[in-house]
Amino acid sequence: MFTHDTTLRVRYGETDQMGYVYYGTYPLYFEVGRVEALRSLGFPYRAIEEQGVMLPVHDMQVKYHKPARYDDALTIRTTIRTMPGVRIIFDYQVLDANGTLLTEASTTLVFVDRATGRPRMAMQELMDALAPYFT
Amino acid sequence: MFTHDTTLRVRYGETDQMGYVYYGTYPLYFEVGRVEALRSLGFPYRAIEEQGVMLPVHDMQVKYHKPARYDDALTIRTTIRTMPGVRIIFDYQVLDANGTLLTEASTTLVFVDRATGRPRMAMQELMDALAPYFT
Amino acid sequence: MFTHDTTLRVRYGETDQMGYVYYGTYPLYFEVGRVEALRSLGFPYRAIEEQGVMLPVHDMQVKYHKPARYDDALTIRTTIRTMPGVRIIFDYQVLDANGTLLTEASTTLVFVDRATGRPRMAMQELMDALAPYFT
Amino acid sequence: MFTHDTTLRVRYGETDQMGYVYYGTYPLYFEVGRVEALRSLGFPYRAIEEQGVMLPVHDMQVKYHKPARYDDALTIRTTIRTMPGVRIIFDYQVLDANGTLLTEASTTLVFVDRATGRPRMAMQELMDALAPYFT
């Protein structure tokens, strides 16, 4: 399995009047997590799109355990547990500065050929880059 | 079961460069759906908070079937399938103008007493308002 | 001059922990205002883009007089005071349900030919539709 | 005058279907700029609020010169040109990785006593921290 950590700081506009991070802000954080995970493997998401491949989100599950607050320095821990095929599954843990688990989530994304609009296999180079983590 | 429809129009800022509604925009749409469902029952969410009750989201599941696009007039169909207790579950269907199902989701929210920070039962008045739909 | 009113309701996710609508939410409201103003003239913004014309924002000025709050039913009053040429200027007033002025703003947008990336004149049909308001 | 640079990376959800950063995303970036500028002076914004002081935005002016795009690494250059009193003015420049100026802006914020809701002078400690930059 492959795991990558990235950190970000909660913006004021991402809170709501409960004083917590709005529940709809987290998908942006998960996006940051998976984009930075792919970048660390040598696959900037921008380069993936420039190859004519899109990665729309197919489904998402989120469990909100504890609230995050304004200005918190959060760690987004992104994990790939299975080799991608037509789909790639990212799991996420959002941790505060003490390592407390605030939120858990999972998203499934589909590799789509932009020209045809049809699903396709993950790029071979991505599978090659991930293979060492699954032996 | 109780069902309520509300409509909204996709804003430009809610799209992303794929030309679709960003996957992280939908939680805002679900919020509109459940808030309008509660309002139709006589419970503006603002009034709930003014009674000292918060309703944070505990978990969310989303299936993205087809993309929504800029300026689409979407129907958010919100359904309550079981009587609330400490928790209330809202199911959502996002439909386009032709009635095609674009997205399905479910969220569980928890009634929390703001003063104590502890879970509490749904307000009796809300259960009274819902009761006729579950007989 | 041409004026058009549209209404919207403040979403929870649009507030921040001050309990007000986040200052960065208003540009979304202005977008709703000008899009609905153009629609009322017979120019859905989607149709403008489908003609190969983009309308990026060139500049924006905002004065925040009084805060808007969650669930407020706001009126976005959008005014075009001068006939468009290469640019079109929209002025906005955000009013609460009592008609109190909360926010004032102005944005200048530029008509751009998507194929060439260069500024161009407003569509003749739009100028024809606006002309009766400027005689 | 006091200047502080901070960097951030454009998120996918911050773009729109033109393929640019949505014009309404920039106020979030300006917020990051001024918050990090204040932090560098020893004033985390969270600590300011914990002292019972709010800093709502009074007005904003933005000039959009060139578009920013997905995944761009942007520098937010925040400048305080005059000593704060009841108000504090932040100027911003958004630069791309080549140092090209994409966006310029200015915001005026007001120091407000949360208890009374009335404007007040900037904290003496903040003026002391800024004084060396204005001699």
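Labels A, B, C and D are assigned to the chains in the order they are written; within every chain, residues are numbered from 1.
The rule is simple: a residue touches a chain if its C-beta (ideal position, glycine included) is under 8 Å from a C-beta of that chain, and two chains touch if they have at least 3 such contacts.
Keep in mind it's a predicted model, so treat the numbers as computed, not measured.
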Minimal step count in the chain contact network, subunit B to subunit C: 1
Between B-D and C-D, the pair with more C-beta contacts: C-D
Rounded Å distance, subunit A centre to subunit D centre (Cα mean): 28
For subunit C paired with subunit D, centre-to-centre distance based on mean C-alpha positions, whole Å: 24
Whole-Å gap between the CA centroids of subunit B and subunit D: 34
Multi-chain contact sites of subunit B, meaning residues that touch two or more partners: 12-13, 18, 20, 22-25, 27-28, 31, 70
List of subunit D residues in touch with subunit B within their complex: 12-13, 15-20, 22-25, 70
Residues of subunit A defined as touching subunit B within the complex: 18, 20, 23-28, 31, 54, 56-64, 67
Subunit B to subunit C touching residues, read off their complex: 11-13, 27-28, 31-32, 35, 44-46, 70-71
